[in-house]
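The following pair of complexes shares a single chain, subunit A, combined with subunit B in the former and subunit C in the latter.
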Partner chain A sequence: MFAYIVKRLLGAIPTLLFLVVAAFFMMHMAPGGPFTSERKLPPEVLANIEAQYGLDQPLWKQLWDYVTGIVLHFDFGPSFRYKDRDVNDIIAQGFPISLTYGTLSFIVATLIGVSLGIAAAIRHNSWIDYFAVSLGIVAQALPNFIMGPILILTFTLWLGWLPGGGWNGGQWQYLIMPVIALSTSYMGNIARLTRSSMLEVLNSNFIRTARAKGLPARSVIWRHAMKPTLLPVISYLGPVFVYVLTGSVFVDLYFSTGGLGQSYVNSALTRDYAVLLGVTILYGALTIFVNLLTDLAYAWFDPKMRY
Partner chain B sequence: MFGKSDKAADLAGEVTDHTAIQGRSLWRDALDRFLRNKAAMACVFVLGLIVVFVVFGPLLAQWSNEEIDWSRMGDIVRDGRPNIENGHYFGLDELGRDLYARVIQATRTSLLVGLIGAAMALILGTAYGVIAGFYGGRLDAGMMRFVDILLAIPTTLIIILILVVAGRSFITLFIALGAVSWLTMSRIVRAQTLTLKTREFIEAARAGGVSEGAIIVRHILPNLLGVVIVYASLLVPEMILAESFISFLGLGIAEPNTSLGRLIAEGAGTMAYGTLWQLLFPLFFYVTIIITMFFIGDGLRDALDPKDR
Partner chain C sequence: MAVLTVDNLKVSFDTPDGPVSAVKGTSFHIEAGECLGIVGESGSGKSQTFMAAMGLLPSNGRASGSVRLDGHEILNLPVGKLNDVRGADVGMIFQDPLTALTPHLRVGEQMAEVLKVHRGMTGSAARRLCLDWLERVRIPAASRRLRQFPHELSGGMRQRVMIAQAMLCEPRLLIADEPTTALDVTVQAEVLDLIAGLQKEHGTAVALITHDMGVVARMCDRLEVMQYGEVVESGSVGKIFGAADHAYTRRLLDAMPRIDAGDAPAPMPAETETLLDVDDLRVEFPIRPESGFFRKPIPLKAVNGVSFSLARGETLGIVGESGCGKSTLARAVLRLIEPTDGNVSWLGTPLTDLDKRAMKKERKDLQIVFQDPLASLDPRMTIAASIAEPLKTYRPDMTARERRAAVAEMMERVGLDPDMQNRYPHEMSGGQNQRVGIARAMINRPKLIICDEAVSALDVSIQAQIVKLLKDLQAEFGMSMLFISHDLSVVREISNRIMVLYLGRIVEMGDGDMICATPRHPYTQSLISAVPIPDPDLERSRERIRIPGELPSPLDLRAALRFLPSKLAAGDEDYVPRLDQVAPGHWVAEHDPLDRILAQAPAQDAL
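Our next item is the complex of A and B:
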């Protein structure tokens, strides 16, 4: 197991490096830059600014400085837009917010999705089963950016129960709508996945054996059916996490929660490549890390898995 | 011994008179299964209606998607409502443009995005996966390692990056969607090719001296088709989703062109002023397209993949 973990961790390094280098070169291939504006700057001024940010150096030197900066000091460099803030500041300010509602959505989607799926499978063809199935179907057409407007329309404009946006230190009223918006679609998918997986497991021979030897239904489900049921769900958690991450881009923009997604879109629109690059790399690294975790969880859960 | 007798001729006629019973091909079976799937057929019908609407809807439009109705733009909430008489069937948007024309244009964009994105995935992913799976060995390891690396990066972020770097246009949008959509397809195709490659009929073809290129084209590709079609059909709505998400953020294609995601974003931005139609019309088309496409994809999977039922 330990060797497997080390192997996977080492395997993540080239992926990360590739991500950094590819993103870096893409940014530098782009025509125009953060300093191209309608008001033409005198060439000397522009040269000065570029020297300030190290943009006059040869490309490989810039790349080298950038990569060593990240690896040695965890430093993503200065922002091209804000004079007094560097990328680290922007990440430090926005990331905790995105992480808070992101984690909550992840937990909500997984817990409710799995419970719903299991309940649906145990009570096959009951109302709860039909509910889970229809939620699974509708969920595909209700991603975060559709749920967001619907929620605000209902809870803010019509009912007036919840504030329509803002963060306010993460008070619960401000958290509800972002979390529902982010989790609904994947809750439905997880419920569907769990349900079909559980149904398949419940029809298998070893469950029949467990029933035949007289085990109570409760322990058949918890002791025997649970682990194999959750296997496909676990391998699905990686994509869910990615979805929550990219969904944060929407939530921050639409609910003005002030997380990292807002900086991402703003930097994309103002061509602040340093921030864009930093956030992409951070999200990419997180994705790789979570994929690794789900693989490990999978290996731990699946008796057939060999490292 | 075989003298010509009438009796023998009659007998022969009777024996050969039966037309041979037509064999039922896999495709024929699949088609039958699909046609029997009521939900999928209903969705094909609804989607067909939307396509007809997109193709022939402009004939009924009295305004283009760029014109601003100056006489009504002063008070959109009162004058901009959906109205058959003044030609704004779906009302006006916030800037006084005809929503009917814009919804048609946006639906067309979204459908095109879905189809072209899936088509690119189909071509690129199949070619890549077949080559990796068929030739195997170190080539396969290297190619798949590359795919794994790309898969580890959140796709939406890649699309945004490409759009920002290369400029926002239809072409870059399609390239960006194509760049991310082929990855999973190539893995599926590779896995399928690996199992096909060891089957007896491929062995037989090799023994018969068929060239590798011909084996791929004549024997591997046709057998991949079912899986590939199923996955591509499920990819269409996903492409539409991805594009709408990016458009919603304002990073998709630029005005005056629009897509459903952008229209929903605009409608969502103004719904507080009581102009709900700006949200509901694009939302209706969007949700209908996505749900019907997923049902059709599911139906195709049930029809083409008999073991998974």
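Our next item is the complex of A and C:
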């Protein structure tokens, strides 16, 4: 097990390096640069600025300096757009916000989704089942960029219960709508997945055995059916966790939360190479880490998995 | 007094097309301590009868009538009440031991919860009782098993765990639903012995649900024969086997192939031309050991130096237990799996040297029929399209009309109505689908057909029809066959010669009837003595040869010399047993005398 974790973490290094190199070149292939703008700068000025940021160097040299900066000093370089701010600052400011409402959304989506799915499967073809299935379908049809405006319309403009945006240090009034907006569609998916998985497990031979043994229903469900039911759900949850952190650009826009999603998109639009690369690496590393956690969770749920 | 009385039990299932009736008013009873056989083919309602009685029907199932356990009505009791009975007064074991245990709970945990629920027993007392029962069902290294997960045990061992678990509370009735159907014959024999022993020792009544008349002959006192949800005949085993009244019972008995009697094909005349010549064929798979940082794969020798030849029009039966390499051997002959070493020569051409394109040309004459008829047909192709596919590949000159005619002719030939040509596999029965598989294999009139467990998944009466079809086709078209099966009785019925495989090596090969009547190798003897014969008097007086231990793993190097303990004792672990010709055409692998083999300690740790 320990050997397996070490192996996986070592394997992450070439993956990340590949990610950096690919992202780096793709970005430089895109037309324009951080300092191209409507109003043409005098050539000497432009050359000066570019020299200051090292953009006059050959590409491979720029890549080399960038990578060594990260490896040796954990320095992701300065932002090309915002003076006096470097990438580490921007991430340090935005990421905790994304992480907070992302994690909350993830927990809400998982808890409600799994509970709904299980309730629906246990009471198959009852009103709970129909309710859960319809709710799941509706929720799936409401991604965060639809939920955002609906929530603001309802709770801010009509009812006036909640502030329409801002972060304010993560106070609960400011968290509610971002979390609901982000979690709804995932919750629907999780509920649907859990329900069908549980239905399949309840039809399996070992559940028949458990019933034939005379075990009470709750023991059949929780002790025997639960773990196999959650196996497919877990493999879905891993990517979802990364999505809720990366896919939050709309939430940042609608609710002005100031999370990393907005910086990410802005940096791509303005060719802010350093910020874009820094955030890409962060998300890449996060994906690798979450995948590792998913696989370890698998081993706990399924004894046939051994690493 | 009767333990279980079933009275006018009806079971139906709600479907979108309205209710479908599965059991149509059956009545029978089981006396204390007796073994009642419930016999019938798939769809006869034999399992559903007992599922309904124990409240285990799927949610769309409805049951009516009466089921009394010791005089108390139990049919349609609320689950809470029923749970006092299930697992305590009535134990159940099921057909497929591989999926019947909860995969993520240790054997000890699953067993102990029965004691906790019914006896309020926990901790070391419960553990001791579980251990005690594992030992009573003769599981080797029982205390270690308690901590193992089901997937770490073999199929036979899992079925023993199921039995031990069902017996923990010493139930008055044990319901065994096809308990040995998925198991190898020697394992089947041991599991049946075990159930018979428990019945005798504890006075447990046994309801044995099976399709196998041989198993009934060995085990049962009385018999209920079911067809289409009704009991068509009941009575003592002696009476029914002696003179069955109902036509269906007679048909079931007649369809059952026997290892000791019945027609078997004669040996081929010596001068027949050789079609296929296999020389020292080997197939190895690299297997990664479970632990260690730097894991070096070790070779699993699935086929370990097999040589044989096959004459034109001859059928060679290949038998052996799971893991003996019989399917791998067949696939390696066709190069569906690439052999690691050795030669396959087809009409003098070495197949093993051909490149892909040349091999494809030869495949026209080399066809295979697989075990699972439904899974081996493309679900999105009509059966006519499946049958016609080889024609498209090998007879591109044919017009669509000619192809249709050829398909219709072949369908008729294998006993399918040509009107069914636009059906899809899921709309047909298992037997019909297997006919499609055979038609597809036969459409180009190949010279060799490999049947890989082609009749194993079918009901006995269907199995008999398919075997007859294959024999008829062979008489008409003269193709050769390799007939692979774990069921020796079926193999005997169709094969001129039989090859017995053990862990990738031939242990005995010779004329079919001779192998079955006078086997020479101890392994063959043990296999044949384990095959149940559908004749109660004969079956109960036979003596079984039991080789100690379970079927060992092909990764266990010492297991290869299980029949030569003297070489093992001498430390010669790499010794390859010689194949001796004991009579013309009868080859037997070198082995120690039977007493010496039986005297060795049981093979430890069968994986």
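Convention: the second predicted complex is superposed on the first by the 306 of 307 C-alpha atoms of A that agree within 3 Å, B and C clash if a C-alpha of one lies under 4 Å from a C-alpha of the other, contacts with A are read in each partner's own complex, and residues count from 1 in each chain.
Operating definition for what follows: a residue touches a chain if its C-beta (ideal position, glycine included) is under 8 Å from a C-beta of that chain, and two chains touch if they have at least 3 such contacts.
Not measured: the values here are computed from a predicted model.
Three-chain overlay on subunit A, with subunit B and subunit C in a clash.
By the touch criterion defined above, A:Leu157 lies against subunit B but remains apart from subunit C after alignment on the C-alpha atoms of chain A. Judged by the touch definition given at the top, the superposed model places A:Ile13 against neither subunit B nor subunit C. Contact with subunit C, but none with subunit B, is seen for A:Lys227 once the two complexes are overlaid on the shared chain.
Using the contact criterion defined above for the overlaid structures, shared-chain residue A:Ile107 touches neither subunit B nor subunit C, since it reaches no partner. In the superposition on chain A, A:Val21 makes contact with neither subunit B nor subunit C.
Among subunit B and subunit C, the chain that touches a larger number of residues in subunit A is B.
Of the two partner chains placed by superposition, A:Ala92 touches none, neither subunit B nor subunit C.
Residues 14-15, 18-19, 23, 26-27, 29-31, 137-138, 140-146, 148-149, 152-153, 157, 242, 245-246, 249-250, 253-254, 264-265, 268-269, 271, 276, 280, 283-284, 287-288, 291 of subunit A touch subunit B in their complex. Chain contact summary for the complex, subunit C toward subunit A: residues 54-56, 58-59, 79-80, 82-88, 91-92, 94, 96, 99-105, 113-114, 117-118, 149, 151, 162, 165, 290, 293. On the side of subunit B, the complex with subunit A involves touching residues 148-149, 152-157, 160-162, 164-167, 237, 241, 244-245, 248-251, 261, 264-265, 267-268, 271-272, 276, 279, 283, 286-287, 290-291, 294-295. For subunit A in complex with subunit C, the touching residues are 3, 124-125, 203-206, 208-217, 219, 223-224, 227-228, 301-304, 306.
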